[in-house]
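Both of the next two complexes hold chain A, though its partner changes from chain B to chain C.
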Partner chain A sequence: MAEPLPPGLTAERMSDALARFRKIVGKDWVFVDDRVASYHDPYTVPNDAGLHRAHAAVAPASSEEVQALVKVANELHVPLWTVSRGKNFAYGGAAPVLSGSVVLDLSRLNRILEVNEKFGYALVEPGVSYFDLYQYIKDRGLKLWIDVPDPGWGSVVGNALDHGVGYTPYGDHFGMQCGMEVVLANGEVVRTGMGALPGNNTWQLFKYGFGPYVDGLFSQSNFGIVTKMGIWLMSEPAGYRPYLITFPREEDIEQVVEIVRPLRLNNVLQNAATIRSLVLDAALFTTKSQYYPGKGPIPDSVAKQIMADQEIGMWNFCGALYGPPAITDVLWSTTRDAFASIPGVKFYFPEDRKRRPDILIHRADTMRGIPKLTEFGFLNWNGGGGHVGFSPVSPITGQDAIRQWRMVSGRVREHGFDYMGLMAVGFRELHHVTVIVYDQNDPAERQKLDELFRLMVREAAAEGYGEYRTHIHYMDTIAGTYGWNDNALMKMHQRIKDALDPNGILSPGKSGIWPRHLREAKKA
Partner chain B sequence: MRRRQFIELTAACLLPSTALAKWDVSAIAARPDLLYVDERFPQAQREAASWAPSPARIAVCGDVTPFWSRELARRVGEAPAYIRGVTVASFLFCFRTLAAEHADLVIATSRLDRNLIAWSLASTPKPEGQRTPWLNHYHRA
Partner chain C sequence: MTHIRHLILPAALLAAGFAGPAAAADPSGQALFAHYCAPCHGDSNGPGTQQLRRSRGADKALLVERTDLAADYIQYIVRHGLKAMPPFVPSDLTDAKLRTLVSFLTSPLPRTAKDQSTLPPP
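For the complex of A and B:
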């Protein structure tokens, strides 16, 4: 299949652009034809193979090369789809929203510019992965921990910009970023916060600088290309004690979340703990066919068998205590006492877990910032390997948790999938992340998934729940749910887009934000 | 389940077409340098037993992470390697995605059943200027 061209661009002009890109980055770093395949979404959702296909990719090695590429793209009106490392596989990988885009692959901007143990931060480029940063700190014996999302191969910068979450006390990744360098669509370079002050020594220490705080404009957006970012790192604590609390009934989620809220607000729960469903945890280490040969979701009898075999519950609360024993002992007794009233609750520390592999032993690594790929195990649950995340946000209340769980698990099961969900406890909110694992080789299953996803978005929005993040295929759909006051927020986004990127070359369609000429083409 | 066989010239490897000619894919099935077997599944053990023996047969449990940092990163980064496996799909997906940053790959796969894939992978390190520096961290470790 020939790679598509973006709307309005001739083959000759694209060819001219790629030739000029080669002069900037070298011929080895412009990818066309069969070498573009690695920028396709490996878990593609739509059955239309023409959607979300890059025309080419270009991989610069410096901010200066990014500037030069952007200038050419602006002159020739070539859309660039920016990825940091392109490993965000549940949300589209490196694939663009707009077919025909040239992927701007920043994975060669992979320098760890500074790790400061005294103040607890790193300054990194977007090609730096969690594996990289972890190994850098380990090699030097620094007393710092990073915070990792589930897949360790992702970009530290990219994950923060996409509002990703981790599981230590520093789990809100964008909340922990401090200071950016951004290449704008006209090629100009901007430093945010204290970085705008020549000679400053607080770029990674104080976020706000002077005047409007603009860093958020460059997250989940297409207003600029972030080429450097500061991220705060946690000092290695004096003690660490991960734990697992299991609950035997699905309906327990209501009481669990009611207990979680005051614990979290009072910082008794120190980290971004997670409440994970049975099948999500079981699927890391077993497959469905090992328990159930039938089609459709597993029956209750099978769920009970898995619970017994794996020593897990219908819900599993993975948390951790950080600090000296004198503190963590008190935090633990408070936590244990709070949950003890739930019938059938069980409490575990790692030394209580004898099976291998085991969910707590695995999560104990993640909650101390050790990057891994273990969570990809859930893709094997049903053999097909594709997955998409559905991720609405709610308040931390039992009522909201059980309503969301009933809505989502009900629809997921009606469509023949198992419910594989988790609720990640933020500072004031729950991220309810449901992964839907489907057979990526079956067009009928992909169609079913698409119908299910759109239905869940509509139903969640009708109840006031919005997604915090989504797959490239659903960015317009999700953006459409944030339509208060006649889409005032999107109109503002569009005005910013038109001002900063009048030719609309940066990541058209990201988060539903389209440049003027493509908005007008859609209307026509 | 009926065995479905196919050869895949990996899409993840940014493989220059000139490099393809160097590989005789059928040769991959010869004696591998490393053999990964997901021993949770009897079928995996049976399949691996039917293959040419490997000097290093390694039991796995789905997750490639520890094997990548312990052995695989060095193997694919330093010299041409033949590696085989009977594993779940995520093991191969993660391995090939990691390896493709450091080496050109040719992969042959065969799905055995709903859980398992038998695979053979031939890797050639990319030229020095075409890698990420990540592998070097593992060299030092």
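For the complex of A and C:
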């Protein structure tokens, strides 16, 4: 099918824009027609093939080229959908919210500008992946660890900007961000925090500088294009001891989370640990058909067989201890004693795990910042390949955890899917991330997924739970749940959008934030 | 170590095991396979290998052992994706790199995969 044009833009004007883009970046770095296919959402949700389709893509190699592209886009009113590396696959990949947008692909801004071992940080461009940064540090023998999300090919900058999480003590990626360089919609370049002070040597050391702290405005937003970002890195600890604790009953989640909260608040749990469900872990290395030939969610008898085969529980708590043995020994005994009261609990270190491949052996790498793609194995569970993340946030209480688990697992199973969820322990909250694995080539299954997702959003919001991140197809839906005081927050976002980007060229629709002309068109 | 102000180098090139201007570099297909493919297709436990074992059979599970893959087919799958595998954008895995990668995957056996996902810890 012909790639769509954005609303209000003629083919002639788009053609003019692309010609001028080619003069800026070179003809080899503007992608049109069949070359745009790589920018489509590979795990599409809607059955309307016209949604979320880019018209073209352009890949600059420097901040200066980004500035020049933005100026042309502003002049001709061409919407640019910015991606760092476009690997945010559970949430839309490189595809835009608004069909007809030109993807501004920052993959070629891939320079590691500085890695500082003494102070523990890196300054990188958005095209730098976790694999790249890991390899760079390893090649130089630096005593630093990075923190990685499950897929290691994503952008260090992009993941932090989308509020992604990892699994070391530095697991809150945006929390570890320090200092940005941003190209605004008018082409002006801004440095945040200490970066605004000429000649400073603290841009990646102190976040706040002087005056309003604005970095958050450029996360999950469309107010500017981040072209450089500082990220704090963890010093290699004196010791490292990953562990796995398994629990045999789904209802155990209530007691587990009640135990987790004081451990986390007292820093006995040092890292962003995860409590993962049976099927999510089993799916990494085995497929559903190996255990169950039927349709729909696996029955309890099959769940018990998987638990026995793979020595895992209905819930599996993956954590790690960091530091010298004198410290980690005490932390471990405290942790073990706290969980020992749960009937059927089992404790494992890597040396206790004999099966290969094994979930703890795999996650022992992730919790020390080794980037991998192993988690993509769960997409093989039913062979369909598609996946979408549903990610409500909750307090760290047993009552909230079991309520959320009942709500989500119940609806997921009613709709014929297996529950594949995890609860990631933040500083004060749980991210309850459920991946729904579906057959992306089956329109009926996509329709069922869409109905399920919207139902879960409504039910979660009714209970006071909101999603922290979402797929491009649901950005308006999620934004609509954050409506306190007559949508005051969204109104403020819109005022900022209109002030910084009056022509509305930057990522229209990102996080439900639309520029004025498209808001008015939607009303009409 | 005090402040380390390294030369500005394309990170992907560094990861592929060499340094220098992108235009002058000619990375080997094996290095490209290690960087772009091996995290999923490098060994018997990779998610890509598992998917191929499930859908095509054990004898077709490992890409480096395949002799039945046509160049056009590889290029199409890389650019469009297949099942769980997403596409690779041409800004990152460029056409020139893809041609080198295809040459590697269609070259005579034996070929070896260097699995980046199993590199030793830092």
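Everything that follows uses one rule, which is that the second predicted complex is superposed on the first by the 524 of 524 C-alpha atoms of A that agree within 3 Å, B and C clash if a C-alpha of one lies under 4 Å from a C-alpha of the other, contacts with A are read in each partner's own complex, and residues count from 1 in each chain.
Just so it is clear, contacts are C-beta pairs under 8 Å (C-beta built on N, C-alpha and C of every residue); 3 or more make two chains touch, one makes a residue touch a chain.
The structure presented is a predicted model; accordingly, all values stated were derived computationally and were not measured.
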item: Overlay on chain A: chain C relative to chain B, clash or fit; value: clash
item: Touched partner set for A:Leu113, first chain B, second chain C, both or neither; value: second
item: Which of chain B and chain C A:Leu265 touches, first, second, both or neither; value: neither
item: Contact breadth on chain A, by residue count: chain C or chain B; value: C
item: Touched partner set for A:Arg368, first chain B, second chain C, both or neither; value: second
item: Touched partner set for A:Ala49, first chain B, second chain C, both or neither; value: neither
item: Touched partner set for A:Ala521, first chain B, second chain C, both or neither; value: neither
item: Residues of chain A at both interfaces, chain B in one complex, chain C in the other; value: 31, 35, 37-38, 40, 42, 87, 107-108, 110, 127, 129, 131-132, 135-136, 138-139, 152-153, 285, 287, 289, 356-357, 372-374, 376-377, 379-380, 383, 385
item: Of all residues in chain A, those that touch chain C in their complex; value: 29, 31, 35, 37-40, 42-43, 57, 59, 85-87, 89, 93-94, 105, 107-108, 110-118, 124, 127-129, 131-140, 142-145, 152-153, 236, 285, 287, 289, 356-357, 365, 368-377, 379-380, 383-385, 440
item: In the complex, chain B residues that touch chain A; value: 11-17, 40, 61-65, 68, 88-90, 93-94, 97-98, 100-101, 113-115, 129-130, 132-134, 137-138, 140-141
item: Footprint of chain A on chain C - complex, ascending; value: 1-6, 8-12, 14-15, 35, 39-40, 45-48, 50-51, 54-55, 79-92, 116-117, 119, 121-122
item: Residue numbers on chain A that touch chain B, as the complex places them; value: 28, 31, 34-35, 37-38, 40, 42, 87, 107-108, 110, 127, 129, 131-132, 135-136, 138-139, 152-153, 284-287, 289-290, 356-357, 372-374, 376-377, 379-380, 382-383, 385
